[in-house]
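Both complexes below contain chain A, partnered by chain B and then by chain C.
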Partner chain A sequence: MTEQVLTVKIDGKTLSCKPGQSIIEVADQNGIFIPRFCYHKSLSVVASCRMCLVEVERAPKALPACATPVADGMVIKSQSKIARQAQKAVMEFLLINHPLDCPICDQGGECELQDLSMGYGQSESSFYQSKRAVKDEDLGPLIATNMTRCIHCTRCVRFGREIAGTPELGAVGRGGHMEIGTFLKQGVQSEVSGNMIDLCPVGALTSKPFKYQGRSWGFGSHSHMSAHDCLGSHLSVHTQVTNVGKEQRLMRVLPKESHHVNGTWLSDRDRFSYTANEQNRILKPMFKKQGNWIEVSWQEALTLAAKKLSELKMGQGQLLLSPSVSTEEGYMAMKLAVHLGLETCFSMLKQDLKDQFSGVGVSQITMHDVKQAKNIVMIGSNPKVHQPILGLAIRQAQLAGAKVEHLTASGLTLNYQATQLIAHPRLWVNHLLSHAQSQNIAFEGIKSVNTEVGWGQVDLWVLGEGVLMHPQGSEIRSLVSQMVQATGAKLLILTEGSNTAGLSIVAKELDVNLSDRPYLQKIGIHSEAIWLHQTHPEFDIPFNETIYHQLKKSFVVATSSFWSDQMKEYADLVLPIASHYETSGTQVNVMGHVQSYQAALMPLGESRPAWKVFKVLGQLLGKTDFSEIEALSDIQQLMKLSVLSHAGYDYKVDQLRPANQVSLLNISAKHPMACDAQVRHAEPLQNTMDQLRVRISEQTLQSLDIHSRKTVVLFSGAFSEVLLDISHDIADGCIEFVGDYRELAGSWLQEIELGNGA
Partner chain B sequence: MNQFYIILILAAFGLVFWLLRGKQWARQLLLLDFVRGLKVTLPYFFKPKITVQFPEEHTPISPRFRGMLALRRYPNGEERCIACKLCEAVCPALAITIEAQEREDGQRRTTRFDIDAFKCIHCGLCEEACPVDSIVLTSNMHYTMRKRGENIMTKEKLLAIGEAYESEIAACREVDKDER
Partner chain C sequence: MSSQIIHERLASAIDQWVNKFPKGEQKSATLMALRLVQEEYRWLEQPHLDAVAEYLKLPKIDVYEVASFYSMYQHQPVGKHLVKVCTSLSCCLNGAYGVVEYLEGKLNIQCGQTTKDGRITLQETECLAACAGAPAICVDDKFYHENVTAQTIEKMIRPLIEEGA
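So, the complex of A and B:
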């Protein structure tokens, strides 16, 4: 069937369009501007602002362009006398109650109302009564409000309802008494709430961390990538050059539209992590001499690092590498590590990488595939919290009619409808096997199990952070990938860190074995020197006293952007490294997109891009091939990142290892607001966390012989007495931390000991 | 008879002038330029004198005179500037640097307001842009900088100038209010 093509005439231009399109869509496609406030291409149409009124021939009065579908032969005039008169009248109504506080409004200079009032407003109003005022509401640490400025376009309300799936804002009252607010005064908790700031056409919702910081007209805009989830959202990083001294400052981060990753949205974590850029930074190379930190020059620091590292015997040192650094940095670091005979580890929570999982899924999958999926099974994944942009895509798929099932150890609060199968992690493999049996898929050498799993024909599997940190992770990945190959479904394996895929690919190329490292036991036990790159072990790996003492004993070289309190105690030499926004590089996201970015501003203080530091260090250590590297592009040519053939996954598990039996299993994943040093230093994000509580089921408490019902005493980790949250949708034998549990990072799938509290 | 001679002499002069027209030596000989110059200067000899004893006396200046910059306060002592950054944006010499933050009471205020007096070209666009009549150009044109760095007029300096000149600034604005 050929698609019908309609012909309309807008402002004298003859245009062809599809049936069902609205006038404003056709106009936008053809570069004809129609003023609007409430219309947004990603949101539903409400036609409440009436700013887009246009004259349509043979219509008795002006019609809203956003809500009027085109008809064949329609003649539309957006500039005629009737249209202009209607638009001017609407503008006058909108300005009746809008305060004239543009000079102190953060939206000033990028305000849609300000812009349009230049074109359609009149300098005088026929309204002489006093303007209304609306009380502000506290929406949390990220969004600043000034509701008097609101023009009731309801874009924020529709965003919450349609895109984020968390209808936290709503409109109360009618007409002149209409107010936008939260009904329950609990603030906005959504993980993508920052998008409301972008959507708000006026200054009613503005960014709290950015409040009064600058003006949009003074900023330079740089394209960049986010480094806090494995999808890598596209960013537009705004920097300001001050008139004095030409110093640059990172002012704010906005989303950059990209159809294959984040669309027009951005998660709060990616949006507000920039606030950390000047917090607690290492600004000069420092050396610890008899317990005191002294500043040294780069020359001295590098010579010292080279001397200490070259004294090592093979296999007596370790490199702990953050999975969120750029591929170029990782490549240089790993090359140096190979040269020095250091073992290389990713600084992630305990992982089972027996299968040499490289971070990129079996089939190359796109965001479009996720949105088009019909039956999605998510194992150990909470996308709303850990991968917010993926969460939005899955929500879209669900709204389009997809069935979503979760296999999880505790009930998730999701922003879409899904069935949740709550099971203890050690049972997950059994559930997979029984699903395979119901679909008549057999695995060599593995007996099938009979339990009821009604997942049906799955066309998208998502393996989340729960699988990544699962002791049987390799088994789960292997079984799912075999099912995927048998059924032709798609598979998405999420990773921790933004560039696990890219780093794993270059690791394979350099023959660096990243696999199967239970470094909880192994890290540094025999190491004389430990090199930490952008890593704070106390937050980034399963951490305990033994590791801390080992770190204190070894010579620790830290190449890092940020200090941490404990680092001052265990590190011996720190080299300041440019932060993520000050670095150019390449990232490979979990869907296999290779994406490069340029530094948005100059490194702070004396910090330098990591690849330059590694180059000089390599030269000092006698690595001759580093002297040929002059620019980042030389590294890119060396590492041949375009070869994504490594991404294939062909591990087949032949026998199942038994799941370890612990009486009380910690199932909380690494805190999303503690995922890397940049996020940990971003104060507004840290303030979004609630008080620490533990979730546990009634049966588990009884089996542990704990009778307290308000608090429990925690024997492992940094906390003693914590609030108790007795929940029925958590698997027996499991414990989950909720709220601010940053300090407990690394205890995933560890045994936890509890005692009686109040 | 006398009249006849007078006419004859004038005619003879006229004839001589006509014959000597355009001749440089003749103009010099007859001091014609001198006479022409005296026609301009001589009246000043009889006009009233306006010379003032400069450091003690000043010539009057326009209420629109554009001299040193200042920041004003409201009569209750509150600074006017709201950190809208319009002056920074409009300044053609990029002489103004502003940093703003939320004050404890929630108001938008500057934490830094620097004007580089060497960059400033006294065009007065900042004064025109200011929505709260905070930044103004005063009548002060006699200022000196003796050390490097003194050219940066900080917020404190500018507010101090504003306080010192407030009565004069207010008077100038009163005179000129219909034109604003």
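So, the complex of A and C:
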């Protein structure tokens, strides 16, 4: 069947369009501008601002272009006398209560109301009474409010309801007393709340960290990528040249529209992590001499690093590499590591590396597949928190009718409807096997067990952090991928950091010696020298006292952008590295998109792009192939990223290892606001966290013989008293930290001990 | 907890309204649920609103929006009788604010307040749909008084003041 095509005329232009389209959609597609405030292409139509009134022939009065569907032969005039008069009248109404504070408003210069009042406003108003004033509400550390400026377009309200799935803002009150707010004055909690700042057409909701920082017309805009989750949202990074061409400052980060990743949205973490760019940075090469840090020149620092590293014998050193660095940087680091015989690890969370090279970095799936899925099973995954943009996509699928099921160890607060099967992680493999049995899928040599799961025919599997950290992670990945092959379903294996995929591909090309068992156990055994690249082990890996002492004993070279308090204790030589936004490079996201970006600004202080540092280090170590690399493009040619030959997952498990039996398992994933050094230094994001609590079930407390009901004492790490959150929404034998648990990095999916508190 | 506020009798009354709408459209019963809860407790405080939201499985803000929109919902303690003076356009032009002032003097309270004996609350309200009889007053959400004058107000208010005294 051919699709019906309608013909309409807008401002004299004859245009073809589809039935069901609104006038404003057709106008937008054809570059005809119709003014608007409440209309947004990603949100529902409310037609409340009336700014888009246009004249339609044979209609008795002007009609709103956003809410009027096109009809064949319609003749629309957006510039006629009737239309202009209607638009001007609406503008006069909107300006009645809007303050004239543009000079002190952060939206000034990029304000839709300001822009349109230039075209449609009048210099005089026929309203002589006083303007209304609205009390501001504190919406938290990210969004600044000035509600007197609000024109009640309700874009923010609709965003919360329709896109984010967390209806927090509403239109409270009536008529002249209507106000946008939370009613409870509790702030907004959404993980994508920053989008309301972009949506607000006026200066009512603006960015709090960016408040009074600068005027947008002076900014340079650079395309970049986010580095805090495996999807890699597209960014527009704004910088300003200050001090007459001498210094550049990172001003703010906005989303850049991209259909295959983030659409028009951005998570708060990606939006506000820029605030860390000047915080606690390493600005000069430093060397620790008899316990005191002294500044050294790059020449001295590099010579010293080369000397220390060249003294190592095979297998005596290790490289711990952040999974969020660019592929080029990772390629150079691993190339050096191969030359020096260092073991390499860029899996900070994974406890089970049997299937390291089975292409787990890339899943053959697109965002479109996710939104089209009909029956989604998510294992150990909470995308709302860890990959917010994926959470929005799952929500879209669910709203379109998909069934979503979670296999999780504790109840999740989600922004879509889902069934949650709460089970202890050691039972997860069992659940998978019984699902396979119900679908008549057999695994050779593996006995199946009987439990009712009731997932039906699954067409999308998502494996999250819970599987990444799972001691039987290889088994789960392998079982699911075999089921996927048998049924033709899609599989998405979420990875840590932003570039596990890129690093996996070049690691295989370089034949890197990756740790074949939990990295931590190794670190505890031996290591003369440890090279940390953009990572702070005390936050990034399951950490404990033993590792700390090992770090203190070894010669630690840190190539890093940020300091950490403990790093000053355990590191011996630090080389300042350009931060993410100061770096050019390439990232490969979990869906296999290869994306390159250019540095948005010059490196701060004496810091340098990592690949240059590694090149010089390679040369100093006498490796001739490093001298041939002159530019970033040389590395890109060497690493052959375009051939994604390692995509897909092909590891097969033939025998199940027994699940380890621990009395009390900590199931907390790495804290989303502590995922990397950049985020850890972003103060506004750090301020979004609630107080630390420990979630545990009544039965578990009883079985541990703990009688306190307010607090418990934690025996892992520092002995500390923690508030209790007794819940029936968590599997027995498990505990989970909620709120601010950054400091408790040490014990993800590990045994933990508790004692009586108050 | 919703079960403490919306007890069995209230729940079954609300359910009758929920069942009038298609499944999954229980949001449509918000108005009646709020009215029933108000009839039971006389005014709606936040726990009442939260209870309705929880009972109807709605986001809290949805219920707050409805409850704050309609002037028939009371959010603060009210007296035994409610006297509402319409101050919308027609009544306003016909001297509604004179009516308010007269009543304030008569009852010795400000508009929005309750008399000391807890007998009468005076409020402004949005249009009562009695524009032809402006200015209009509504007593206890049931009795309309149109074209009010000082004399008719006296006649209307005396029984309320003297009742049971």
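Just a few scattered comments:
Just so it is clear, the second predicted complex is superposed on the first by the 740 of 758 C-alpha atoms of A that agree within 3 Å, B and C clash if a C-alpha of one lies under 4 Å from a C-alpha of the other, contacts with A are read in each partner's own complex, and residues count from 1 in each chain.
Quick note on the criterion: a contact is a pair of C-beta atoms (placed from the backbone, for glycine too) under 8 Å apart; a residue touches a chain by one contact, two chains touch by 3 or more.
Just so you know, these numbers come straight off a predicted model, no measurement behind them.
Considered on the superposed chain A, chain B and chain C are sterically compatible, since they fit side by side. In the superposition on chain A, contact is made by A:Thr242 with chain B only, not with chain C. In the superposition on chain A, no contact is made by A:Tyr128 with either chain B or chain C. Once chain A of one complex is fitted onto chain A of the other, the partner contacts of A:Trp217 are limited to chain B, with no touch recorded for chain C. Once chain A of one complex is fitted onto chain A of the other, the partner contacts of A:Gly108 are limited to chain B, with no touch recorded for chain C.
No C-alpha atom of chain B lies closer than 29 Å to one of chain C in the superposed arrangement.
In the superposition on chain A, no chain A position is in contact with chain B in one complex as well as with chain C in the other. Within the complex formed with chain B, the residues of chain A that make contact are 102-104, 108, 211-215, 217-218, 242-244.
Interface residues of chain A, counted against chain C in their complex, comprise 161, 167-175, 182-184.
In the complex of the two chains, the chain B residues touching chain A come out as 82-86, 88-89, 94-97, 99-102, 107-108, 114, 116, 131-132, 152. Every residue of chain C that touches chain A in the complex is listed here, in rising order: 46, 59-62, 64-65, 68-71, 126.
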